[in-house]
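Only one structure is covered here, and it is reproduced in the block below.
Going in written order, the chains are labelled A, B, C and D, and every chain counts its residues from 1.
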Amino acid sequence: MSGKLQQLKQQVCSAIDQSKDKLHQLGTAIWRCPELAYEERQSHDILVRIFQNRFSLLPPRNSLENIWPAAKLNCRTPVLDYSVFNWQVTVLGTPAEEDGGGKIDLLREGAFEGLDVVLMAHPSQEDTTYIPDVAEHDVVVKYHGRASHASAYPWEGVNALDAAVMAYSSLSVLRQQLRPDWRIHGIIKHGGVKPNIIPDYTELEYYLRTPSHRDLATIRAKAEACFRAAAMATGCEVEVLFAKNEFYEILRNRTLEDLYEENGKALGMKFITDDSSGSTDFGNVTHSAPGIHPYFYIGSDALNHTEEYTAASGADEALFFTLRAAKALAMTAVDVLFSPSVLERVKQEFTEAKLNEERGLRNTPTKEDQVESSNTHTQ
Amino acid sequence: MSGKLQQLKQQVCSAIDQSKDKLHQLGTAIWRCPELAYEERQSHDILVRIFQNRFSLLPPRNSLENIWPAAKLNCRTPVLDYSVFNWQVTVLGTPAEEDGGGKIDLLREGAFEGLDVVLMAHPSQEDTTYIPDVAEHDVVVKYHGRASHASAYPWEGVNALDAAVMAYSSLSVLRQQLRPDWRIHGIIKHGGVKPNIIPDYTELEYYLRTPSHRDLATIRAKAEACFRAAAMATGCEVEVLFAKNEFYEILRNRTLEDLYEENGKALGMKFITDDSSGSTDFGNVTHSAPGIHPYFYIGSDALNHTEEYTAASGADEALFFTLRAAKALAMTAVDVLFSPSVLERVKQEFTEAKLNEERGLRNTPTKEDQVESSNTHTQ
Amino acid sequence: MSGKLQQLKQQVCSAIDQSKDKLHQLGTAIWRCPELAYEERQSHDILVRIFQNRFSLLPPRNSLENIWPAAKLNCRTPVLDYSVFNWQVTVLGTPAEEDGGGKIDLLREGAFEGLDVVLMAHPSQEDTTYIPDVAEHDVVVKYHGRASHASAYPWEGVNALDAAVMAYSSLSVLRQQLRPDWRIHGIIKHGGVKPNIIPDYTELEYYLRTPSHRDLATIRAKAEACFRAAAMATGCEVEVLFAKNEFYEILRNRTLEDLYEENGKALGMKFITDDSSGSTDFGNVTHSAPGIHPYFYIGSDALNHTEEYTAASGADEALFFTLRAAKALAMTAVDVLFSPSVLERVKQEFTEAKLNEERGLRNTPTKEDQVESSNTHTQ
Amino acid sequence: MSGKLQQLKQQVCSAIDQSKDKLHQLGTAIWRCPELAYEERQSHDILVRIFQNRFSLLPPRNSLENIWPAAKLNCRTPVLDYSVFNWQVTVLGTPAEEDGGGKIDLLREGAFEGLDVVLMAHPSQEDTTYIPDVAEHDVVVKYHGRASHASAYPWEGVNALDAAVMAYSSLSVLRQQLRPDWRIHGIIKHGGVKPNIIPDYTELEYYLRTPSHRDLATIRAKAEACFRAAAMATGCEVEVLFAKNEFYEILRNRTLEDLYEENGKALGMKFITDDSSGSTDFGNVTHSAPGIHPYFYIGSDALNHTEEYTAASGADEALFFTLRAAKALAMTAVDVLFSPSVLERVKQEFTEAKLNEERGLRNTPTKEDQVESSNTHTQ
């Protein structure tokens, strides 16, 4: 690494250290007003206020409303742009990450257009550059039957809980015929009101996942057949309500990953690999521009989405780790901007990955091939 | 009872006693050549031969072929008619009682047209004049999936056993919403070939029953929805093959029942009542003409459709009881023919029963009535 | 009916009419403060206050605490006794009728001891003297599994929703093998929290019913086997929590029923019969003393346990119908007290009914009898 | 490769070519008398006769009965040994490969003791040196209920088909909580006799598979819980009959694989890789001595275990391919015997593989680790 590059990285890290208090204030302010998905109004205002008033870099290129009109999505999220060294850096706060997939809405509205590279980091229990987050589509299923007294006149009823249970059972037997890395998992959110009434309403919530978003249509069709069949068998009406947004799998960019990991190690991070498979709305972003979505340690072993983790993420101790991740991201940006040919390689890898991903379906072995070879075995 | 009537009954009983050996020969001959449903060729020929040659009453009014052309049903059954005292008595052997419902085919072909009263008796463990035999429709369901190696490539398979199990489960949950006197019961006739192959073919066989044949369409629709939904959920093809014939419930004629019971008691029968509910193709006959279908003791406690019962029905001991039942039927025929106004009463009861049966649906309490009153209760 | 008896009934009815305002006030006061089962504190105090202060008959024989110590059941219910004509009339308000069965607690505590006859009436949509309310036992079932991420590491989970669904399915297939007048019906009260977590807790609530409480042990054993088997199959822990109280079926007393119906008709009631089957904690009472539990019309078609019925039961219009039912009960009490030999007949019928009920089990046809006759049928 | 080694391989191949007719005769003779597992008497005699009479190498070291007493296993299989160049070559015919696992019986009896290397090849549709055949244990499950007339007295029945279906369903929901490379798959072998009889007997047949035999105990416990729970829920008796033999996964020996593949390529074979997962009783052998179990093309695309494959394996065309595979095995044996240090490397790899396999369980990440990291994800 050239001395110039090294110097730039130090400057960037120093800038982050100098903004430490402001950033702490920002994080704490948002942490103090937790808001539900698509309702992040205060968080939005906090972000906008702090970036506009306290960071004296440059004024935003566009007003928020131009880039992402609040009216359209009924929520408002700050999108602030600064020009630095002839490069433009966009700080993009995004809503509804945990539920709904706000980045996908933003993507659809063009918020990521014209970006060369997108970088974000997500808190976790470990430092890891890549987790194989998969494609996902969520669905809510509502069964409507007809109530009746379950002891006196059960035969007058149309049992919506029967439908929910049959759907659950159909999806259970289906699993044998799904590829091992596909997932269908769910709950019975409403399973009846009183035992003496044949339930006239039940509700299921399911997540469907495949390693490639190109298989979501297939798993969706299979699951929907189960949901509708349960209505047919029991005489219920059914609503199969797929979520507005499909989540895509992460499209890896190993060039970026390697840079991040190198920078992180220089800052003292210890990276692990993890083959677990969740999903993130950042996946869709990585299909429109090269990007990474590393997870970072915040000083606690608590699991995400627990009360302990909420406390840990608001603790002073987390600041050090969060700023460290910010630095690793910033250093990676410096690599992309100032190291010769890096951006080119990042983009070339992205182009190839897209191409491979699109070819993916055609390269899958056909059923005929597979059945032939499968019958080789003794049993 | 008038002395004249009594005398006639004695003559009839004596005639039966005198034919004892011939009848024994007849029964034994048929017993010795058990034939499958719709394949009763030897039994047919035995019946025709014996009735034509050995009973010197009168020649048959019509040849068999005129009444029931064998070509039509691909089987041949004897229908012999004799004129007695200006009355015509028809002895009608019927095929496929246990499987398929031969009497229903005969009915469709007109074999029971013009009959005033139809009498038959069925062997059993007890003497009973009436059992509430219900309406029934049978169905065979075939699922076609796609085989694949269950360990190597299960995801290439379409599991026909999943379909069979889902249908079974759907019908099971459905039972809660069926009236307590409706029945759906069945088996999994083919449930796969080898554990290491995802089954591509399975087969269910179900019987559907309701007290009135007018509800068969409803239970059929419910069951068919379950069968088809299981195909939908699993991606299988399905064949839902309802049997050619619907069995009707017995339409009671208490005038005839009372006469039979009185005659039977005079012959030493001890009658019991039985509220169990099977089905018989004689049910359909009772909807076209007044009739009874008593069950009679044959001297054994063995259960029908067991090897023990097969032996018992061929035993010499059974002859006495069988002839006794024949006498009771014949005496009942004498009552109908010679007791003033009896036939009129039988026919009037039949007409009213038909009318009530047709009104039946309209008289059923509506759903609204029922739900209202059902909600009266504490729990 | 003697003129004396008629005169007494008129006096009783007049007394009710004279207390009309007080009774309306009483009913309205309770209606305004709906309280949950076993938490009826205000209702208790209202009842005690009004009966002690406003009805100037006689002081209570015993203080409430002596008869039914509140400490025991953590709720307080008024039990007031008056001596009339050498007869003692006890007005007994009872808690937790809809949930838990307060009368059964009272019965256990001796509150019904020494009573010759017990009369109550229950609001409904119709006037009917008897509904075949059946025996019932309720159960809550809790499954405890182990949570895990449903996409990343489902194999680390122990799925409590699988257990709930398997229990539901086991109970569904069981229904085919239950007598047609037995009932098992329930809901899935908790069916998981989030689709991405293998549920570690689920809860079922079921009601079990049989026409005779003597079969509750049998149905309970069958259901419990299903609940426990689902835990076994899925590796969950299970809690099977049967309710403290078993509800008994109503033991009929036709002598009392006929008197009530006669009195009701004289007051303009139109009685219907209803063969539906709920359950009531008054059932247990009828096994300890002769009693009736008629349902009465309150001027509305609304169904019990609906918001419309809540409104209807508080409406002024309901007062007339409620007082009419009170009069019919009171007139029936007059019959019991003053008509010669009536109480004797009531008691004799009760004794016989108890005896028959106890004999019940022994008179049920044995399995052997049934199977034999069941095999009579064609199919 | 040294010229000497090359020369030896050519000699071996020539020897096979010279025995071509004898070997064809041998194969055809066995092909003509297909025999069921553990009943291979004629095949045994053919093998013994041909090896003893027609191959004039050396007499057998031991008589068959000494090595593997037929009386023990009720079948007879030839085990013939020849000493060559101070090395001993054992030709071992094995019974019951497709059903039961005869090699496992032989292994238990000591037939593979003292062997340095074990080589076999299995016909297929392709040439492939290794397929990840997994561990397997088979089970037959028999449910015994109580028959009763399904319409008249279903409540007298104990439904063995309910048990079979509940077991099937329990195993289906269980799949969500099994590792993706574990397999449970089966059929309903007997699913009832007649729809009008509550089934009193049903039978399931299942195969359980895990990549390592060390997990068979776990999957067996889970499956057995499902089988027994279904009996508990339905009131049936159950027999859970695990097969006598557990199949082990193939323990790879890449040294041997590479040699075989090199030799095969020299003979014109085109190797593919295949990640499908069946099971073979040769797996157990590879845990007692280093071995390979390649699959070889026989000139046909027909699938194993089809009538087409039976024809293809008996066709003259198959001879060339079969002899080619025999040559590749023989050449590999030459490598082992005469190439310096090869046997040493083979044995060292075997020792290490065994050690790693035994360590396997301890190296699996603990549940706690996994759950922590699994919660990192967005969803």
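Quick note on the criterion: a contact is a pair of C-beta atoms (placed from the backbone, for glycine too) under 8 Å apart; a residue touches a chain by one contact, two chains touch by 3 or more.
Note that the structure is predicted; figures quoted are calculated from it, not measured.
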item	value
If a chain touches subunit A and subunit B alike, it appears here	C, D
From subunit A, the most remote chain by mean C-alpha position	B
When subunit B is superposed on subunit C by its C-alpha atoms, the rotation angle in degrees, nearest 5	180
Rounded Å distance, subunit A centre to subunit D centre (Cα mean)	44
Computed distance of Cα centres, subunit D from subunit C, in Å	64
Chain centre separation (subunit B, subunit D; CA means) in Å	53
Shared interface positions of subunit D, touching two or more other chains	136, 149-154, 162, 165, 169, 172-173, 176, 185, 196, 198, 207, 276-279, 370-371, 373-375, 377, 379
Of all residues in subunit A, those that touch subunit D in their complex	97-98, 122, 124-126, 128, 131, 133, 136, 169, 172-173, 175-176, 180-181, 185, 207, 247, 272, 274, 276-282, 295, 301, 303-306, 370-379
Touching residues (chain side subunit D, partner subunit C) in the complex	148-159, 162, 165-166, 169-170, 173-174, 176-179, 196, 198, 222, 225-226, 228-230, 232-235, 367, 370-371, 373-375, 377, 379
Residues of subunit C that touch subunit A when the two form their complex	134, 136, 138, 149-154, 161-162, 164-165, 168-169, 172, 183, 185-196, 198-199, 205-207, 209, 276-279
